[in-house]
Structures are given as C-alpha cells and as structure tokens.
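Here's the structure, in structure tokens; my notes come after.
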Amino acid sequence: MASTKSEKGWKSRVHEIIYEADTPMGKWFDILLFILIIISVLLVMLESVKWIDATYHRILLVLEWIITILFTIEYIARIATIKKPWTYIFSFYGIIDFLSTIPLYLSYIFAGSQALLTLRAFRLLRVFRILKLVRFLGEASLLRNALKASRAKITVFLFAVFIVSVILGTVMFLVEGEEAGFTSIPTSVYWTIVTLTTVGYGDIAPITPQGQLIATVIMLLGYGIIAVPTGIVTVEMGKQANVKKDSGNEHFVHVNTQACTTCSKEGHRDDAKHCYNCGSEL
Amino acid sequence: MASTKSEKGWKSRVHEIIYEADTPMGKWFDILLFILIIISVLLVMLESVKWIDATYHRILLVLEWIITILFTIEYIARIATIKKPWTYIFSFYGIIDFLSTIPLYLSYIFAGSQALLTLRAFRLLRVFRILKLVRFLGEASLLRNALKASRAKITVFLFAVFIVSVILGTVMFLVEGEEAGFTSIPTSVYWTIVTLTTVGYGDIAPITPQGQLIATVIMLLGYGIIAVPTGIVTVEMGKQANVKKDSGNEHFVHVNTQACTTCSKEGHRDDAKHCYNCGSEL
Amino acid sequence: MASTKSEKGWKSRVHEIIYEADTPMGKWFDILLFILIIISVLLVMLESVKWIDATYHRILLVLEWIITILFTIEYIARIATIKKPWTYIFSFYGIIDFLSTIPLYLSYIFAGSQALLTLRAFRLLRVFRILKLVRFLGEASLLRNALKASRAKITVFLFAVFIVSVILGTVMFLVEGEEAGFTSIPTSVYWTIVTLTTVGYGDIAPITPQGQLIATVIMLLGYGIIAVPTGIVTVEMGKQANVKKDSGNEHFVHVNTQACTTCSKEGHRDDAKHCYNCGSEL
Amino acid sequence: MASTKSEKGWKSRVHEIIYEADTPMGKWFDILLFILIIISVLLVMLESVKWIDATYHRILLVLEWIITILFTIEYIARIATIKKPWTYIFSFYGIIDFLSTIPLYLSYIFAGSQALLTLRAFRLLRVFRILKLVRFLGEASLLRNALKASRAKITVFLFAVFIVSVILGTVMFLVEGEEAGFTSIPTSVYWTIVTLTTVGYGDIAPITPQGQLIATVIMLLGYGIIAVPTGIVTVEMGKQANVKKDSGNEHFVHVNTQACTTCSKEGHRDDAKHCYNCGSEL
C-alpha cells in the first residue's frame, strides 16, 4: 500500500515538474529544457557545416548522444507520468517530442542499408525540436489573438497578391525575352513576387525599357500594398489592446474635485456620499 | 404549356446553381469552378516551361481541351439562363469569362494563316482565367472600402514619389558614370524607384563615393516614406472598423442643421417631426 | 485713359488665367501647363537615351524649342501681370520657372566656349520643371500636415539610425575583410544602411560566418525599426483625421434612452425639452 | 578663504556650462561639442579610406590630436567639477567619454610592442564618440517610451521569426543543392532571414523550381509579418500619445473591488479609508 502510495507520489511529483511551470522545480526544468533544445539545434546546424563536421566529428557525435539520451528520458517520463499517454503521444507536442528523439536511433538502424544522405535528412528532423520553444512564447497572447483575428483578411489579401502576380508575371514573360532570365511563366511569377514583396534578389532583372517600366509599376504597387497587411494587423492590435483595457474597465471611475469639508481630501467618486478618507458626509 | 413550364423550371434551376451560392448545389458548383480555374491557370504556367511542354505536350493539350469545353458549357449556360444576356456579356465577369474561353479556339482559327509565335501569345490569354477567382474575394468588403477611401491619397503619394524619383534619378545620372549602369535618365529613374521602394536588385549600383552618399539618402528617404501609404491605409481601416461598430450604436444619431421655425434651435434628428426644445412642429 | 483701362483689364484677365484655377479658362491653362511639363520632362529623359538622341535628334530639338518658347511666354506673362514682380521672381515657384526656361538659351550662349558635356548638364536642369507639378498636389493637405507634425520625430529617428549605422558599419569593416567589398568605413556604413533599410543590393555582401551573423542582426533590427516611422506617421495621421472629424462634429449628438410619455419614442437629445416626434414636453 | 570661494565659483560655473543647457554658454558648449563629435567621427571614417589616408595622413593626424586634446580637457573638466566623480566615471556617458578619448593615447603606448593591425583596431574605437550624440536625442521620450513598452512583444516576435527561419532554412538546405549557395544550415538560415526581412541580396538565390516555390512562400510570409512589429509600435505610440493627453487628467483614478463591510458598495479609491457611500471605516 505504502509503496503504491509513494509511487503515485513520485509520479505526480515528476508530472508536476515536467508539465507545470508554477513550482520552482518546474521552472528549473523548463529552463534546462530550453537550453537543451538550443544546444541540440546548434549541433544540427554546426554538423551541416563541412569543415566543422570534419574537424570536430567525434565531439559533435558525443554531444548528440547526450542530448538524445536526455530527450529519451524526458519522452519516457512524459508518457509514464501522464494519465492518458495516447492523448499526449498523438498531440502536437507529443509528435514533435518523438520526432526530436528518434533520428539518431534511426541512423543506426538504417546505417547498413541506407545511404548517408538520407541519414542526414533524418537527423535534420531534430531541428523541429525548436518548435518545443513555442511553449516559452506563451505570454504572446495579444500577438496571437491579433493575428488570429486578422487571418481571414490577410489570407484574402495574399490570395489577391497571388492573382496579381500570376497576371503580371505572364505579362513580363511576354515582354522580356529569355536573355533577362524570364524563361517560363512560373519563373516570371517567382520574379514578380520577389519584386512585389520588395525582396529584389537581382538574379533575374528586366533589361528592356518596357520591361523596366512594368517592373517600376510592380514595385510601386508592392510599395503601396505593403500597407494593407500592416493596416489590418495594426487595427486588430488596437482593438485587442482596447478590449484588454475595457475588460477591466470597471476599476476606473470618474472622480471630482470636490473637497471633503472635514479633511479637505479631493478626488471623490461622483456618486460618493461620504469622504473615502475620514468618512464624514459630503 | 407544360413543356414551357418545365423548361422555365429547368432554366431557373440552372440559374440558381450558377449564379447563387446559397443552395448546396450552388456551393458545389462554386467549388468545382474554383478547382477548374486553378487547374487551367496551372496548365498555362506548366506549358510555358519548355521541358514540361516538350515531354507532356499531348496530356497538356487534352486537359486544355477539357477545361475549354467545360468553360464553354458554363459560358453558354450563363447566357442561356439569365434574363438580360447582354448585360452579363458586357459586364466585368462576362468579359473575363469570354476571354478565358476563347484562346484555344482562336489558336485553331489563326493556325493556318498566322505564325507560331502569335499563337503562343493567344494561348497565354488563358491566364486571365485567374481573374475569375475575383468572385471568391467577395467578402473582403472592409479591405475594398479602405482602399477605395484611401485611393485619392495614395495616388497623390505615388505621384509625389514619381516626381522625387525623376529628380533624384537625373542627379544620379549626372553623378554616376555609365560604368555603374546609369546609362540614361530613364534607367537612372528606374534605379531610383528600385532603391526608393527598398527592392534593390543590385543589377545597377552606385560605385563612386558621392553616388553612394546620394543612394544612402534615397534609401533613408524610402525607409521613411514607406510609412505614408501604411499610415493612410491603417487610419482608413481604423475608420471603417469604427463605422461598422458605430452603425449599431443607437445612442448616437445623426442630426441636421434644420432650424426650428419657432425657437430657431438647430440639431434635430433626421426623422424628427417636432422641435426637441419648444415642441412646435417642424 | 480708355487704353490704360483696357490694358489693365487685359492684365488682370491674364493674371486670372495664369494665377487662379477657379475660372474655366484658368482650369484649361492649368491642364495645358500640366501636359507641357510632362512633355518637357519626357523630352529631357528621352534625349539622355543614346540611340533615341542619335535617331530623332532633330525632332527632339524642335520640340525642345517649342516647349522653351512656351515656357518663356508663360514666364514673361507671369512677371508682367503680377503687381510685385520681384516677390514672384525670388519665390520658390519663380526660381523653378526660371530654371525650367533658361537651359536651352544657355546652351547656345556657351556653345562656343564650353564643352558639350557641360551643355548636357545645363539641359538636364530642365528636369526641375517637374517641380511645377507640385502645384497640382495642393489637395494633399492631410498628408502634408501629418508629415509636418511628425517631421521632428522622424528626424530624431533617422539620426538614431545613422548613429547605429556608423557603429555597425565600423564593426563590419573590422570583421569582414576587403575581399567581401568592405574596403573602408564609409563603404561599410553605406552597406549597413543598404541592409538596414532592407534595400539589399548584393553588390557588397558578407562572406565570413561572423559577418553573416552580424548582418542577420542588422536585418532583424531593420525589420523591427521600420515600424518606428510607420508608427509615427500613422498616429499623426490618425490625429489629423480625428481633428478633421471633430471639427464638423456638431452633426452628431448624444441621445438618451428616455421614452416620450406621450408617444413612447426614444432617442432624444440630452438637452431636449420636447419630444422630437410628437412635441409633448419631456 | 576667498580663493576657495572663487575656486568653488569657478567650479560651479564650469559645471553649469558643461552639464546644463539652459544658459547661453551651456548652449554654445553643446553646439561646439556636437560639431567636434561629428568632425571626430568623420576623421575616423576618412582615415579608413586608403587613398585619403595615404594623401592627407599628416593633416588627419594633426586634426586627430586636436580633437583628442579637446576631448581630454572636457573629460577632466567633467570629473573636476562634479561632486561625485566616480558616479560619473562609471555612468553610461562617462564610459563613452572615456572610450572616445583614450584610443589615440593607446596607439602610442602600444606602438612599440604591438603590430600595426591592432593599432588600427584601437583607433577605430574612436567611432564610439558618435554615441555622445545620444545626449542630443534627449527629447525623443515618446519614441523611447513606445519602444520600451513594446520591447517584450517585439522580442517574442523576433524570437518567433528566428524559430521559423531555422526551420525554413533547414528545409531550403535539403531542397536546394550546394550549387545555389546553400552550403550549410547556418548559411541557409542566413539566406532565409535575408529573404524574410525583404533585404534580398541575391548572393544566394534558389535555382530549382521547388526551391523557388518555398522562397515565394517565405517572401509572402515576410511581407505579411512585417505588419506585426509595425502594428505593435503603432498601437504603443497611439497609447503613449493618449497617456500624454490623459496624464493631466486628474479626474480619473483607479478604484478597487473591495466591498464596504457596512453597505457592501464596491469601487473605492485605492487609498480610501472610509466608504464613499455610508462613511463607515474600511
């Protein structure tokens, strides 16, 4: 009985540490996890740089194993201490946790039969660990709400941008020859979006006067319509900020400059009958 | 008599499906049309890629014919089921529908007499089918209203940008030689707009110190004045959102400047029958 | 006496046409002037394109002479019909009008003694004619007021951007070698502004990892601080729009939910003494 | 005694000139300092341009010594005339003043033992003199407050942008080969940020169709999310402008939800001692 009890107690304690951030231990766990994820993502990035991988291959592999083992422990602990493990396993974070842990094991299982390149691709899945950091963005509710509220409008906007890009891209394909890099309509549409969003790589650029004229129109168009998503989000954020302000609005009331006849304090509520300071009648 | 009736019923049923989106059939028709348009635009784009056109020419042509026949049926059905066909034919959507259907037929009509190059140009007209998607942007009334309201201001703004670009482009033409790519004033003006809108291809870039100094000023100018269209649209959208909010606010009504004949008071409700001050009839 | 009178009448009539836009003749004059300016600027631009100048030199010269003569007539008429000619001559528009008219004459005066290049430079002064179009932007008072009101803040902002650019440019000069194009601090500062304003030519680009890291920081910085001028102008425009709205505000009054005791109509003005509908006392 | 007095008087007079800008002398001092800093920064920048340094080395060195001596005098005067020198020395401005003065001396101290390259690096420290100009940005309190208030949200936003960049950069690394310049994940992430912030150098650009497709998505994403910081700062500035307006509004105070024990009324001032309704003590 006692053992079951202590076991339950152990489980719930671990659960508290892993799943909640209110206790001191929970906070430490979150900070540790944060650092581990950052390190693991840095490892994947460094490994992709050839000369670093060639020089420090062993160190990177050892660090990789340490991270993978720690993530494995975390993953098992999460499953062991939760009441409904399957809900977690197939949840958004559950799948990310699994995908973050598995690549190194997979690289050993398929090492004999598969090529090295595919292995690397599997390893890169670990970059999704960075999505775990989404947890730490929790306080950004205002941002999220504003984006959620303006999602429909921004979708309509981007769709309109896409329609315009297809038409202007086709026009540019007809106007500019292949010399300037406009080799097909998809490429022209790609160039139009590069220009419309003011990115402007310059790998493809119009060379004929009429092409440059149309390009100028596209640029000014892009310069003008960048205002649209900005306007949408700004208005939505303004609303969100007002909602926030108004929701707690009953805590602000209008006060007048009437002075209490007894204590001379000012700033009474408009509907006050007694002084808030000395209690004498007003 | 009965046959006429059923015929009328058939016409109105088709009309309902094609022109309205409220019924289940109407919705299905809209979704089908949406997919057809997307496919038809993709076909035009893929056909312009040389290796795709070379390898899959036959498949693309068959698909193109299927799309064209379906669009032809739709176009005829639209004309047949509407009361005033000519109003539809010369309406915005009517012209788009016609231009979306005709290119493939045209390519066969002119095949004997015209060159292959012109044929390709005709085929590309099909890209305008994407404009049919404008129908699906119908709910974006806030966006449209905000843009409509700020159109005059944005036109003035773009005109001012153009004046500045011509002057700065001429200055750059004088400062930078032809080595840097500033071969004529139109090219310099093109470069100035590329810079001012923060696109920055880099196909033309200043190389002299004084040219780079002026370029810096142009960039900072562009960085500063991008705020202008954004400000215009944001304020306009804020207004639109407020108008929407206020429209249901029964505590604020519009009053007119009509003066009471008895007491000369102004500011009566638009629907007032008596003066709010003295009570005499208006 | 009569002749003086008619002369005065002639002068004031011309004055009305040239300086005012309210009369039909004045409007026609403005539109004609607008078209003339556009043509004259196009001439300057086309003349700078080598092959156009080589092929159509004679036509361009004739058109240039026509424009110059018309501008000369306008300039003389402006001086002749105004009461205080010197005030006009040294005003902003007066100087522009003079600079727009003089280049062609100058090119003949100095033709013998000066080189052809300087001639071209004089001719290019005519591009300033486009500034005459500023007259036609008159209705953009909201834009101008908002920009005027936010000028101080935007100056402070651009000054801060410049300080940041000098420091980051110096850092990049130390980090990146000359291979990447960072040959001196001014060039590095130029690159930093190109990056910070999101123009990004690509003529100079970091190649070392640490350089690319700093470049990333500069880009994110630029992406973030582009919000500042936008915010300034938007808030200022919102204010301007409110000022405008409030100034004509007397057509909207607050109404209450008090119901008339006779006809039960609600929505009376707060200061109403009688029902607006039936006229009975409230 | 008299000498001490006059010395004190001298000290306080200098203190007034250096530290305050209200007196005429203080204003002149500030303007002189402003010009000196601009000159000193220009000197550092010019010195880095090879041909200028080669041709005018002597003049630059002399000017550099004059500036350094003047800054030394200013630094000593600041320490001498302030009551708590150590507070100044370790303050933000104190450290900047020190760093602005020391480089030239350092270059002589280390001249014998160190290499020329390190010398140049020391000299470049002088560019930090530009930070002295921060003093002159003092009136930009609205800007600073708005940025301070929106700092947390912008940090969250930039962090989210970074996460997205790492994921999209990794995807691009897998999709595009090394031919296009995507040689490692860090480089790909660098490219993603270059694209997302709409800088777009073009030194690295996708060449495969699938790469260009993903690039298009990244650009549209960047075009859309540039709205976020803009929205944040605009709303915050709008608030600041309102706060400024409201700050003189003593007629609004914060009230709490504490209920009076006698009459159960809520909404007392935070500093209330008596119920405003019945007068009983709280």
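As written, the chains take the letters A, B, C and D, and residue 1 is the first residue of each chain.
Going forward, a contact is a pair of C-beta atoms (placed from the backbone, for glycine too) under 8 Å apart; a residue touches a chain by one contact, two chains touch by 3 or more.
Worth saying up front: this structure is predicted, and the values here are computed from it rather than measured.
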item	value
A-B or B-D - the one linked by more C-beta pairs in contact	A-B
Greatest separation from subunit C - chain, by CA centre	A
Same-site or different-site touching of subunit C by its copy subunit D, using the half cut	different
Intercentroid distance (Cα basis), subunit C paired with subunit B, Å	27
Geometric centre distance via CA averages, subunit B-subunit A, whole Å	31
Centre-of-Cα separation between subunit D and subunit B, whole angstrom	42
For subunit A, residues that touch 2 or more chains besides their own	157, 186, 189, 198-202, 226, 230-232, 234, 238
Subunit A to subunit D touching residues, read off their complex	41, 44-46, 48-50, 121, 124, 127-128, 130-131, 133-134, 137, 139-140, 142-143, 146-147, 154, 157-158, 161-162, 186-187, 189-190, 193-194, 196-203, 226, 229-234, 236-238, 241, 250-257, 267-269, 271-281
Touch list for subunit C against partner subunit A, complex	198-202, 230, 234
Subunit C residues within the subunit D interface of the complex	153, 156-157, 159-160, 163, 166-167, 170, 173-174, 183-186, 189, 195, 198-202, 205, 209, 212-213, 215-216, 219-220, 222-224, 226-228, 230-232, 234-235, 238-239
